[in-house]
Structure formats: C-alpha cells, structure tokens
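Below you'll find the structures, each written out as structure tokens.
Two complexes come next, and they have one chain in common, chain A, joined by chain B in the first and chain C in the second.
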Partner chain A sequence: MARDTAGGTGTESTRTGVGARLAAVRALLSPRTEAERERRRVAVMSLPYFVLAIFGAFLPLGMLARMSLSENQFRNEGFSLDAWETLATEPVYREIAWNTLWFATVTTTFSVLVAVALSHALAKYDLPFRRWIVAMVSFPIALPGIVVGFMIVVLLGRTGLLTNAVAFFTGGSRIDLATALTVGGLFLGYAFSLIPRATMVLRGTFEEINTDAEEAARALGASPLLTFYHVTLPQVWPGVVAAFVLTFRTALAIFGTVLVLPALNVATLRINLEIQDLGFNLAVASAMGLVYFVFIFGFTFAGVRLIDNESLKI
Partner chain B sequence: MSSETQQDKQVESAVEAGRQRRGGLHHLDVSATVGRPVVKLVLGVTLTFLMLPVFVTLIASFGTTWTGTLPRGFVNLENWRTVLGLAEGPGVRDGVITGLGYSAGLATAGMLVNIVVGVPIAYSLVRYDFFAKDILNTLAILPIVPGVVLAVAFLRMYPEQGGSTLGLIVGYALLKSPFMILTVQSSLQSMNLQRVEESARSLGASWTRTFLTVIVPNAKSGIVAGCIITWTLAAAEFNFTYMVHSAGPRPFSLFLYQNISRAPVLQGAAAVSVYFLIVTAVILILQTTGKAGFTTVERK
Partner chain C sequence: MAEVTLDSITKRYREETAVEGIDLTVRDGEVLGVIGPSGCGKTTLLRTIAGFETPTEGRVRFDGEDVTHVPPENRNVGLVFQSYSLFDNMSVRRNVAFGLKMQGVGRSKRRARADELLALLGIEDQAEKSPQQLSGGQQQRVGLARALAIEPRILLLDEPMTGLDAKLKRRLETEIGSLLDELGVTGLYVTHDQEEAMVMCDRLAVLDDGQIQQVGTPAEIYERPETGFVADFVGTSNSLSATVRNGEIDLGFTTYDGNGLPETTDGTVIVRPEDVSVGDGDVEAVVRDRFYLGERVRARVELPDGTGLTVDLDPSTDGAAVGDTVQVAFETEGLHVIT
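So, the complex of A and B:
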C-alpha cells in the first residue's frame, strides 16, 4: 500500500523528539518487524473511518465552536461572546436544560425497568413464538421519531383509538380526553422508542447468565423475588448500567417525536426553533449544539468507564 | 473460579434472606405465585402498546372516516392512491415514489460508504490490540454526534453542500456507521480470527488477500445484516435531513413528515404504512441472516 512512498529516511538511533517521531512515521510507512506491520495494518484499516469522522464530524464541530463566537449570524467574523451570554443569562435556556435532563432521566429509568422485565421473560420463560416477540419488540427501533409521534396520536390523539374508546364508555368529550399532546403523551412517545433499545441491550446480558446458581437458590428455598434480587440482578447489573447509559443518550437526542408532540421545550426542539422560526439564529444554535455535544460526549465517556466493552450494544 | 465462589455467596445470601423472612414478612413475599404472571403481564401490555398502533394504522389506511371509536368505510383505497401519487390529495404535493426512490439511492450510497469504513475498523478492533483501542472503540460504536447537532454543524461548515446529495450521504454514513461496525464485530467475534489469519498466511496468501478472500467472506452474514440495518435507518432518517435539507428532491422522511403534520389522519396512516411494509420486509430478510429482529446482537 503505502510502502513505495516510504523513502525510509528515518534515522535509526536518535530516540529523542523529532527523531522518535520520524522513526514512528518510518515504521508506519515501511515496517520492518511484524509488530510494525501490524501497527500499519491497524492504521490503514482505521483510515477510512478517520477520513469520514474528520470531514463529517470533527471539522464541522470545530466550525460550530467558531460560529458560536462570531459577531455575524451568516459569516464567521470577529469575536463576540453574545451567544454564550444569551445562553448563560436568559432563564429560558436554564428551563430547557432542566426539562431535557429530568425528562430523559425519568423516561430512561422507566424504560430500563420495563426492559429488565421483558428480557427476563424472553430469557427465562418458555414463551411461544419467541423469535416473533423479539422481532416485534425490535420493530420500533427502525421507526423515525416522527412516526413514533404519529403512533401516539393514533392511540391518544383526538381521533385516537383509546381516546374514542374512553369517550364511548364514559360519555366524555373526545377533545377533553385526548392526551397525545400532553407531557404524558410525550412520555409514552419516548417510552415507545426507548423500551425496544434498552431491551435489545439487556437481552444479550440475560442470555449469558449462569442459570445453575438461580436453580440452586430456588431449590434451597429462596423465593423467586429474593433469587432475582440476590442472584440474577448482580449478574446482569453491568448490562443494566450499559442499557441506562445508552438509553439516556438516545433520550437526549430524540427530536422527531417532540416535533410532532411539542408538549415540553427540550434542547433539540429549541435548536430547531432557533434556526427555523426565530430567524436564522445560528450563533445561539451553535452554542447550544456545542454544549449539548460536550455533555453527551462527557456523559458517554464517564458512563463507559462503568461498563465493559462487551455490554456496549445498540 | 472466583465468579463461581461469588455466585455461591449470592445463592447463600438469597437463601439466608429467605430464612430471615420466615417470620412475619414471609407471607408478604408472594412472588412464587404472582411473580411470573406479573412479568408476563408487563410483556403483554408492552407488546400491545408497541404493536397496537402499528396494526391500527395499517388497517385505518384502508378506511374512509375515523369519527367513531374505530375507522369505518372499508375497503377504501383512496388514501393509498393519494400516497402513491395516483390521485390528488390535500396538503401534500406529490406521491411517495420520487422521495422513496431518492432516499433509497442516498441510503444505498451511505451503505456502500459504511462497508468501506465499517468492515476494516470492525476487524482491527476485534483482532488487534493497540494504543487507545478502547477510546476508538467507544467513538466508533456510539453515535457521538446527535443528528440535530450534526445538522447545525453541517449548515455552517458546508453552506453550499450541507443539504445536497453529497452532504446527506456523508451525514447518513456517519450517523449510521455504529450499526454496521457493531453488527460486523458481533459476527467476527464468533470466529477464531488469529487462527484463520495465520493458516491463510502460512499457506502463502498475502495479508491483503487473506483479509479480502478469507476474512470478509466469513463475516458475510454480519456485513449483510449491517447493510440492511444501516440502509433502512438511513432511508427514513429524519432529524438530520429535516434540518439540513433546503433544495433538490425531497427525501422520503420529509414526505412522511408532511403527511403526518399536514394531511388528514387516514392519509398520514397510509403514508406511514408504506414504511411499515418496508420494515416488515427488512425484518423477514434479517431473520434469514440469523438476526431475530432489528438488532445488532447475534442470535444465540
């Protein structure tokens, strides 16, 4: 591959500063030992990913940082902290941050709890049509957020199935009974997206646990609840943490659902508002996007320290 | 060994906790009788919650009105005719065909990029140990930038091309690459890569040839599954598309959004049903590659 372009100019012995760096480059371009060849293979095979990541993510994110400091909304000019000042001082942004965090935490916790029950049933019980149940639980992962929003409208909107059923039995007004556009409706919309993702992460963990210990505990007289708490839960705990970290990230990034069901002012909705409706407010949107990115990035790397790489699944 | 002693301790503590409760509290632990039914009930309610709106939407798309509890006036194909572009419909410009064709093309291009990007890095992450491997692994398998933030960054970095065909392809490839990498990793993990690689090398194959003619064919099912998953997700990608798209053909997800937000509910139902049919077909194909559903985890 890159062998011909090497030139092999690296000096052998000077292991200081520039010399060491040159030697490393030399080893990468024209490797002599098997270890050096292996290092070159890793570099070559990671190269396409880095090209995509640099042009697709790192450079645009750098531009995002620059834009948040621009004096002009349309060009990168001068230096101004106005956007950051707006973000720090206007109370609406504090409210958005709070809304985003508490709503993501509550929906994630709920979804992971349901997912634990689902994966427990899928792994332990003798269920008919098990593969089809897995297929059905995984179905919503393929749906974009706007379609999820539509699903909640179909259930709970003014013409929704459940709204009409309740109106029929209680004689109430359909318009009063519709809950799709309330925070409760949005909660179900988030759960619709998050439960399948959390379940798919946990399913793998539940299938790897050792059933002998559970059977022993049951045979020795512990109840199913105590067995779950003392034997099963410690074994699946890494998976539960992984599911929480990954689901929380997904919850933070939800946009389509909240665009269709705008019951709560969360960060993604506000970024859209800054750009589409409040004028082309790119500096503030950039600053928000940057805070958002840094938070998710930091959360991910802090979260990943708690779990092993094996549990990372989506 | 240590995990076995740990499990013995867990069993002991469960049994011990059971003994201590044998007093008054024991009668409150009814999990032996209600535990399983309750968990099954959670499963049943969740499945109903996830699947009921899907089936109702599919059925309603063939109805005429939905003013009572259930849609009525079956079988009416008018909504489908509108969605397929065979008839004029309220609130929506044209049918699904152009948008779906355009998005299918974008998704296919993104998928090809993901093969080139995802397969090699998945292999090097499974096969080799190297500096900062864990960090690279985390970066590669977790979607680091949310679609909305990536869109704002694209608008700034590439004001001309951000919403163009090229911009959408790059965005889709980046946003969906984790699914390809994880699926390929999952299928590579079941192979003894070092042995396969060393046998091929000792028989005289070059490393490049070993990778292309031995490793890649063995990982075929994972690559195919990764292609299907990334393709489907990109074909209906909304968050990024909605923010960056400005001119040119209208992608499928924006057609869906228009039908959901501006058209009568039954017409929206027909539009969404188009996508349900695609996902159902995709899941059926995925099952032939060994995946139970829309997930990167290999079937056990």
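So, the complex of A and C:
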C-alpha cells in the first residue's frame, strides 16, 4: 500500500517536473513577465559561449580522452592504458610535473609581488608620467612568447646587450656571462609576460581601496607598512588571490618563451616534444593534456572558492 | 588635548589654490566648526592638521610645537569620516582598540579601554560584531570611539553626520556634542551643515574660496555677520541697499533709527526673516509666494522699490494669501550693516 502511494506520488512529481520544465521552455520562447524576458536575454547572451564551449572545449577534450586510451598511437583504435602507465611510471614525467609546478609557483609569486607594489603605487600616488608607466607595464601582454624569448636572447645571449656590457666592464668571457638560456633567463622571460597580467587584475582592486580607512589607520599611529598589512592587504586579498590564480594558469601555459629558452623541461614543451619529435606520440600527449586540463580546472575552482570565502582574513 | 594653531597656511595644487593665508586657532578643549560650501577648502584644512597634506606655506603647531612636517602617525590626532571608514576585517572592539595596539598597549588594557568607550557611546552590545552588521549611526559611534581611544591631541571630524537620516542626525548631534563637552575634547568639526555646526561647536569659522570670512561664536556669526557671504551662507537673510547718515538708516522706501550703526553711503543692511514683523508697520509689501513649513509659514514679499524680502508669518494668525498687501516693519535691533 505504502509502495503504491509512493509510486503514485513519484509519477505525479515526475509529471509535475516535466510540466514545470515544459513551462520553463515555453516561458523562454514567449516570455510574459519581465523576469522571464530577463531569463531569455541571459539565455540568448550565453548561447554563443555554450556553442563555442561545446565545439572548442568539451568535444576536443572528449577526443583527447579517447586518444589517450587508444591502442594505436596514430588512430583512435582499441583500448589501452599504456599512455597513462607511461605517465605514471616514467621518471621523466614526474620531473616535468615538478619543474612545471615549482617554476610556475616561483615566477607567479614574484610577478604578483611586483604587481602588488606597482598597482599600489599607481593607485595611491600621483606619479609623474603615469600614462607612460601604465603603457610600459601593459604592452608586454600583446607580445607573443616567442618574441619575449627572443628579447631575452638579445639582452642576455652570448652577443646580448647586457652580456656585452658586463663583459666590457668586467673583462669576463661572453660565453660564461650569457644567461639567456639558463633558468635565470627563462625566469626573466616568464616575469616579463606575467607581471603585466597580474598588474592588470590588481590595478582594479587597488583602485577600489577605501583610502579613508587607510588614513584613519595612519592617524591612529600605524606606519605606512603596518597600514598596508592591517588595512590595505585585507581589502585587496581577494584581488591578490585572483591575480595569483590567473597568473599561475598563464605561467603553466607559457610555450613560446620556453621554446626559445629551453632551460627547463616543462609540460608545454614536453607535449610539443611528444607530438613533434618523439614519434608522434599522440596517446601520451593526450594524457598529458588531460592531466593538465584537470589540474588547471581544479586549481581555478579552488581559487574561486577561496575568493568567495567570506571568512578569508589576514 | 592641545591647542592647535594654523599660521598663515596656504595650500596650492599646481595652478589651484585650495586655501590661502589661513590663521586659525583651535583652543584647548573647544570644538571649532569649519563651515562653508563644497570646495571651499574645509577638508584641505582638516587634512593639513592631520598631516596628510603639507602646506605650501605656513606652519601647523600643536601647543606651540611645530608639527608641519611630522607624519600623520606621529601627530596623535583622531579622525572621524563621513564614510565611517571602519576596518571591515576587524570586529567592532578590535576597531576601537586598533590605535591602542599601534601604541603598544597590552591586550587586556586595550580591551578594557575599548569596552569602556563602547559603553560610553551605548554600543557595548555590538563589540563582537563586524562593522558591516551595524546601522549607519552605530558605525559612526564606533568611528568616534576608535578616534577617542587614543586620547588624541585633537579630534578631527569630517562631515560625520552626512549620510545619516535627519532624525538620527539630530539625536547624534546632541549626544555627541554633550560627550565631547564632557570629555573636554579639542575638536575641529568640518561640515557644510550650519545648523549641525551650531549645535556641535563652541565657535565657528566660515570659509569661502579658501579664505576665512569670519570666526566667532554661533550667535556672533548669525547675528553679526561681517560679510555678505557669511550673512547669506549662515541662515536665511535679506540684503537691502542702504545709507547710514546722521544716526539714520535710509532704505530708500523708509527710514529707521541708526541705532549706533557705522555711517556709510553705500552699505548693505542685513535683516533676518524673524526680525521683520508682518501685520503692522509703515511699509507696504505684496505677498508673492508662501511656503508652509510646519512651525512657521515663510513668505516672499515684494517691497515698494521692487526688492524681494523673505519673511516669516505666524501660521496661527496669518491670513495673507499670495497677492495680498501686508504691512511690514523691521526690528531696529535686528538690522545689521555691512559696509
């Protein structure tokens, strides 16, 4: 008896659910209230994104997943976990993961710190040549990574400007002094690309700061440094986290610069290597691409959660 | 608390002069109101005392000590803002205790002092809350408690009541005014609201276009304005062209006893609406407009020479309608000449 009633209720609720969904579709197609019209506007505006997401992200990701499980390294054929096993067991991939993560973390941290100082100065002080400074800081965003890498070579390569200058003043060997192809050179290339991105995010945050609260703190006896720590930083913290998330993702994705300055074996370089130089190894490249995607997605999600967390305080 | 003196303060921003040649003293224990229209330099003056602006010329002294180049954190001034500017990442108690923490006061003493001030301002039950959970009036009390906690040499209040609803504003004016009196705080109160300033302050400085027009008690400013601007800015006033000769004021359409006013051939007589009696008198005027304001009826009448005059009608007895002719007379003691 009880089961019959439950079944009846379930069917009824399913019908109600279907009915409600149909009503929602009808409201979307011919809205009658302002709230329904608003929902339709949102749906229309979101449509291009979803179309792009399906064909530009979800389908290719599905293909990557399939390719990573293929027996044949050139075609999607059969089922094999070989590529995943290779990723999990070959020491070189652990080294790549480690290199990718530590280098992205260090360059991101450095870039965000520089961007915090820069954004603070741009927002707080009436700097001379402000527009020039902003232009100088933001233009590297438009430069391709390969060009950035080349600029580092021009500056720090064996015939680089700085190398020549240092060699001239110290009498040292240009070959010994060239640092373009070292981790230091790569670090500079990354920072060149990352600082503008971090600054772009942080400038908006710093413009929103309640300067009266900062002045209140100063009047209460806090030095500029203590004011920054107690009053400014808590206000900009969500922006700093957002800048870190965005910049870290960018650091993981840098390819052109590391292609020109291959001082460190990182994920993007290795994926290229798998496809181009190591015998068109699509299965392993796909598996790496998927790991990369899952990590970035998880990292972004965690970052967004952190920014939304209202209890986040320093 | 301290006596704060501004000696010939001038502040220029590139081409623009914000304040010029300001000489002003805030006496120990008094609250001085600085009033004037927007952009007249009130806030620049306050920020100069706080140390956030360095004057282009002149000196700032606290009890005679030159603090012109002392940074804000070393001046020991309390600041209360219109926007409250509380630290949202701290509880109400931590906000109040912040200045003491910066002074190196121990945790238990900080807490005791913060609780004492919160109780004094009637918000002790809000101590654990975030400032964002408080109403505007409560937030402003926290701002005041925070500024008072460090026992500042001078308390600087920058339009602290702006943004509060009228009823709360009137209540806070009385409460805070009494509290500042009780504590003997030296304060500089910047506002564009003259009524608020009159309630809160012992003396007023009227500022216009970066220059002080008059300094005096609220009664002096209201009853004996020294310039047309002061007369016009503080309260409602009527300006009439006049000559004062041989102890007689000639308004053109009538004459009055000069009552000891200085002689002038080209002066302006200032008369407040409450010093014009309507219903009897020897001057005829036509009612051109009238406004019911509850406690009184304010009317705009036209004098025989075409001059407009603002007057108050008694709401219980007035029968004057727009277009009616009424008799008006000026209270001789209310006439004030600006030469």
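Annotations
In this text, the second predicted complex is superposed on the first by the 267 of 314 C-alpha atoms of A that agree within 3 Å, B and C clash if a C-alpha of one lies under 4 Å from a C-alpha of the other, contacts with A are read in each partner's own complex, and residues count from 1 in each chain.
In this section, contacts are C-beta pairs under 8 Å (C-beta built on N, C-alpha and C of every residue); 3 or more make two chains touch, one makes a residue touch a chain.
Treat the numbers as computed from the prediction; the structure is a model and nothing was measured.
With the C-alpha superposition on chain A as described, chain C and chain B clash in the combined arrangement.
Using the contact criterion defined above for the overlaid structures, shared-chain residue A:V231 touches chain B and also reaches chain C. By the touch criterion stated above, A:G19 is placed in contact with neither chain B nor chain C.
Contacts of A:A222 after superposition: both chain B and chain C are touched. Legend: residue contacts after superposition of the two complexes on their common chain; A:P60 is shown touching chain B, with no touch to chain C.
Set against each other, chain B and chain C touch different numbers of residues in chain A, with B touching more.
Of the two partner chains placed by the overlay, neither chain B nor chain C lies in contact with A:P262.
Chain A residues 210, 212-213, 216-217, 220-223, 226, 230-231, 234-235, 313-314 lie at the interface with chain B in one structure and with chain C in the other.
On the side of chain C, the complex with chain A involves touching residues 50-52, 71-79, 81, 83, 85-89, 98-99, 102-103, 143, 146-147, 150, 152, 156. Looking at the complex, you find that chain A touches chain C at residues 210, 212-213, 215-223, 226, 230-231, 234-235, 313-314.
Residue ranges of chain A in contact with chain B, taken from their complex: 1, 37-39, 41-42, 44-46, 48-49, 52-53, 55-57, 59-61, 63-64, 67, 114, 117-118, 120-122, 125, 127, 131, 133-147, 149-155, 157, 159, 161, 164-165, 167-168, 188, 191-192, 195-196, 200, 203-204, 207, 210, 212-213, 216-217, 220-231, 234-235, 246, 249, 252-253, 255-256, 259-260, 268, 271-272, 275, 282, 285-286, 289-290, 292-293, 296-297, 300-301, 304, 309, 312-314. Every residue of chain B that touches chain A in the complex is listed here, in rising order: 6-8, 10-11, 13-15, 17-19, 21, 29, 31-32, 35-36, 39-40, 42-43, 46-47, 49-54, 56-57, 60, 66-70, 113, 116-118, 120-121, 123-124, 128, 130, 134-150, 152-158, 170-171, 173-174, 177-179, 182, 207-208, 232-233, 236-239, 242-243, 253, 256-257, 260-261, 265, 268-269, 272, 275, 279, 282-283, 287, 292-297, 300.
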